[in-house]
Amino acid sequence: MVLEKAKIGEEHEALMSGCEAIAVALALADVDVLTGYPIRPYDTVINYIARLIADGQMDADLIHAEGEHSQFEIVKHACVTGARVFTGSSGVGWVFAMEPMVTTPPARIPVVAICGNRAIDDPGAFGCEHNDQYLVRDVGWMINWADTAQEALDLILMSYRVAEDPRVFLPCSLGVDGSFLSHAMNIVKLPSKAQVDKFLPRYDRGKLRLHPDNPISVAVQVNEDWLQELRRTVNEGAIASKAVVEQAAKEFYQIFGRQKNPFFEEYMTEDADMVLVGAGTLSLSVRANVRKLRKEGKKVGFVRMKWLRPFAAEEVRECLSRFKAVGVIDRDYSYGSPDFSGIMFHEMRSALYPAKKHPLFVNFICGLGGREIYEADVREMVKVMENTIKAGEVKETVTWVGTRSR
Amino acid sequence: MTMTMEFERIRGVKAAPLPEMYTSGHRTCQGCDSALNCRYVAKAAGPRSIVLGATGCMYVANTSYYSTPWAIPWMHTQLGATGSATLGVSVSLKVLMRKGKIKNEPINVVGIGGDGAIADMGLAAVSATLTWPEYNSLIVMYDNESYANTGVQVSCQTPYGAHTTFSPVGTVKRIMHKRWKKNTAAMMAAGHPECRYVASACTAYPIDLMNKVRRALSIGGPTFVAILCPCPKGWDFDPRYSHEMGEMACKAGMWANWEMMDGKLTFQTPSSGIIKGMVERAPVTEYLQRQGRFDHLIKEDIDHIQKQLDKIWGEWGIPAILPFKVAEGELA
Amino acid sequence: MGVHAVEITNRGVYQYNLGRRLSRDIVLAARKMGRVGVAFGRYSDSPERNGIPMKWFAVIADDNDELEEQMAKYYPEVVDAAIVLDDTILKGVESWSWDGLHPVNERVKEKGVMIVVSNQSHDELLKDVHSKDLPYKLITIPGEASFAGMWVIRDDKSEARIMGALAAALPDMLSPDAVKQIFKDKVDQDAAERAAKQLVTRVVEPGEGNPAEPYRYELPVWQDLTEYGIAVVGMGKGGGYHGGKEGYEPTRSTTFRKHLSRTSRPVTNFDACTQTRDCWLNCPDEAYNVTPDGYFEVDYGACAGCGKCAEVCPEKIIAMVPESEFEDEASVYDMWKKDAAAYGKFFQAKAAKGWVKGQIVGPHGYIRKGQYDEEIKKTGIK
């Protein structure tokens, strides 16, 4: 049974896009301050937020910033003052906000944002690529990816829960693939306000709050006598975040019945020889084609990464070392990197280095600029993995799948 | 709208409040009037205030290293972010108070940035903040006429001809900086119809400065005050003369003290005397010859500066504020 | 010959150019002797601030391997010579918060030298310089501290004189001939030669000097930084004078004092004070306490010695007195309260050594166009 219009606060189902689902999650989470600036495809979420505020379904102030740099600065400082905040951007807009973004984690500020994954200029293109969100992976942002509107809603709530945990206090970005997740509409189960309140405690910054009752000076200038120790303290937060993600996922599952697997989801991996690994909406095409290939007798599975930061290295090692071959699908690029491959490939291959068993690692760069992942592409990936297993070694590390060439 | 602070007018030096909300221990130059400005602003605003400080001398010199002179809550923000940081805090306080998450009370939000931070990189963000009438804030530009912290480089507020590390005096090019100073405060006053308070002040007139800060904080909505802060290092003069430099700048017309409040413009000492024709503007030569940054100027340069000042005070539509007039015959 | 290192401590901004040039001159002179070297400043000093002591270094070696070992450091561990360009710096160097007080001779190696530009006697200087466990030589070059400004630099021959002195003090490191070679101008060469002959040298024995213990801070371990991270607790809001109910005394930093930025300090003639408050109001360092009886007392730990208060005082009753006139930071207000008559005499004696509003005495920055040239002319240097 599908309702026409979402009624925030009651448990029910509705037909909505990823962006709208996120907007609903924000209303349920009682977000206080949001900022927006137009850039596609993330900005649809701001349209929905504005509508909810205008219709009295969200009590929050939405600031229309004059640029992404200000957008992210506003929420950063609003958050230090104790407000639960939200913002987002895409592609070069995300890049324009880099300065506030990198300065957010060191001050332990739990900003939650979405990255509406979009190719970075030049040339300009609106289609989905993951490089934008990856840009913050080293500086203390937690990052995760949703593959359905449902999961977008769920991961927003999870992101607040983890980010605002005092053991963590780090910002978190949810990757929302442009068009496929941001705009396509699916049935989404909306939780009740009571359920969300049960899961998400009030944001309390304690001694780190900026308020006349607590006169602190935040982010004072330092030199070589201080910075190494201060970075170490941020590292503690990143380390702590892993356990918090696990705990939060457990609690989420108890209340909502979803997010059983905290860091990644395995699909048809039980007796697989080879697995594909990827994040975001490419999972939809990959899963569909894995089913087809399984019917044809291919022992292939798929591991869908949700959280890339914190990186669950032990769990990933334990999972991937079971297989003979691992094909990492990168909807991104990392020019000039080792073996000229993609970012997730580097993360996975390096995480597997200490494992007792090393699968054969290959990389598939595909889906760039929002290009669909076609059945032919998945078949090609599986073929490459099969050949690699047969050869017993990796002959060619990277394949640019689905690229027109002679 | 959230409440604004109510302040008493400071009726003279003897009535200046004693408590220091910005106190000893900052690594600033001897004679630093930008630091003195922080002291005045914090003193005027009082303990129920939050300060945002952009990168610059009033960040690095104040808090080097891992220390603070601020007795009130303060947070660093990025060079171009004074406007956005200030807005972020004001919005947050308002929403949290509205939702009952924090106590409803007047809290001053003050963003402090230098001329580089406010008039160059952060201009868009400041302008944006001045367009949100429902959020109370004060943005202060401490104008020491250069990017002082990085070693004194040219900003759009650097006076014509000044020697800086980006505009050195060379054998082939004597004057490398020929741009005239942007009229930042006037721009803010003219460009934001719902901004109720914009002012221009100078550390040499501290009571006037502090009262302007208080009026800005109590009027409601976003406000802006630009403050000339003589800089002994950047301008190259013996620090004992910081106060005198400020007075000389104002008396020569290189700076103007004024206030725009709810659509009405008034001038303060010594600009008021000049505007009313009661006091002659001091010739700019003496001011220029007291600072090493102008040591290389020759007669032709000084004449040029004097001519510009004569225009600014004698020909502008509103002296020191508006560089243009309505063309003849345009008005009925 | 091995490795030689020289440390130059100077007043920020005023002597920045001189310090920098000296560090380069040492490397260039060493090159004339076939040696290699590196000249550098201290990164954390940057940007230099008016008055706050800062340092330059020159390290020279016989070959590149030796030199390499000394590079990519903030300081050499020990120095053969410490050159101090302003004798008030001898009271110690406090460069930034948490750094504490560093004696100027801290890095001087055993039997190394400290060269000071000063007109004071060695005995007077040794009242300020902290004692060391090792013997070293104290060498003075007679003269006033060289003071120019930021952009306007006039050569008062300090550079040549100090290089000449250095060569005379450390002939193993620098030959007078090498110094001559880097100064093309005969006036400089003569100045260098003359300075070499004007040096006053004395051996300082272990334990000789100012016995005061330089204060230092222990930097926290990272675990203790987890509570606040990159934030620090704000300063207190001050309170009544000396904890009482009246007057006002700000809370002051416990990790950074400006007192070592001073070459002179303000002393007030309280008997003649009309309590206009201008001194207190104009202080950029919040150094004035407000006493219960409405007077203004300088906290000499906080005062940076800028001279603004003396310059704005309408009664001209604040004198800026050279730091060499004082051995401690005792409150002059306390002195006056105890015995006004004695204080009156004290004030007159001190004020005579310094300046009040309208007077120009001693080292200073740029005051007006042409004045540096006049002063150079007065010294007779061509």
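Note that the chains are named A, B and C in the order they appear, and that numbering of residues resets to 1 at the start of each chain.
To be clear about the criterion, a residue touches a chain if its C-beta (ideal position, glycine included) is under 8 Å from a C-beta of that chain, and two chains touch if they have at least 3 such contacts.
Everything quoted here is computed from the prediction, not taken from an experiment.
Participant: Can you check which chain pair, A-B or B-C, has more C-beta pairs in contact?
Facilitator: Answer to which pair has more contacts is B-C.
Participant: Per-chain C-alpha centres versus the global one: which chain is nearest?
Facilitator: Of all chains shown, the one whose C-alpha centroid lies nearest the global centroid is B.
Participant: Between chain A and chain C, what is the gap in Å from one C-alpha centre to the other?
Facilitator: Chain centroid spacing, chain A to chain C, equals 55 Å.
Participant: Please report how many Å separate the Cα centroid of chain A from that of chain B, as a whole number.
Facilitator: 43
Participant: When the centre of a chain is set as the mean of its C-alpha atoms, what distance in Å lies between chain B and chain C?
Facilitator: 32
Participant: Which residues of chain C are in contact with two or more other chains?
Facilitator: 44, 96, 98, 232, 234-235
Participant: Would you mind listing the residues of chain A that make contact with two or more other chains?
Facilitator: In chain A, residues 107, 215-220, 222-223, 225-226 touch at least two other chains, as defined above.
Participant: Which chain B residues touch at least two other chains?
Facilitator: 47, 60, 63-68, 70-74 - these are the residues of chain B that touch more than one other chain.
Participant: Per the contact definition, I'd like the list of chain C residues that touch chain A in the complex.
Facilitator: My answer: residues 43-44, 74, 96, 98, 219-222, 225-235.
Participant: State the interface residues of chain A toward chain C in the complex, per the touch definition above.
Facilitator: 106-108, 207-208, 215-220, 222-226, 228-230, 232-234, 236
Participant: Help me check something: in the complex, which residues belonging to chain B touch chain A?
Facilitator: Residues 47-50, 52, 59-60, 62-68, 70-78, 80-81, 83-89, 91-96, 98-99, 101-102, 107, 124-125, 127-128, 132 of chain B touch chain A in their complex.
Participant: For the complex, give me every residue of chain B touching chain C.
Facilitator: Listed in rising order, the residues of chain B that touch chain C are 13-14, 16, 18-33, 35-36, 39, 47, 60-61, 63-74, 148-152, 163, 169, 206, 232-234, 236-244, 289-293, 295.
Participant: Mind listing the chain C positions that touch chain B in their complex?
Facilitator: Residue list for chain C touching chain B: 12-13, 44, 46-47, 49-52, 96-99, 149-152, 232, 234-238, 248, 250-258, 261, 276-278, 281-287, 290, 299, 301-302, 304-308, 310-312, 320, 364-369.
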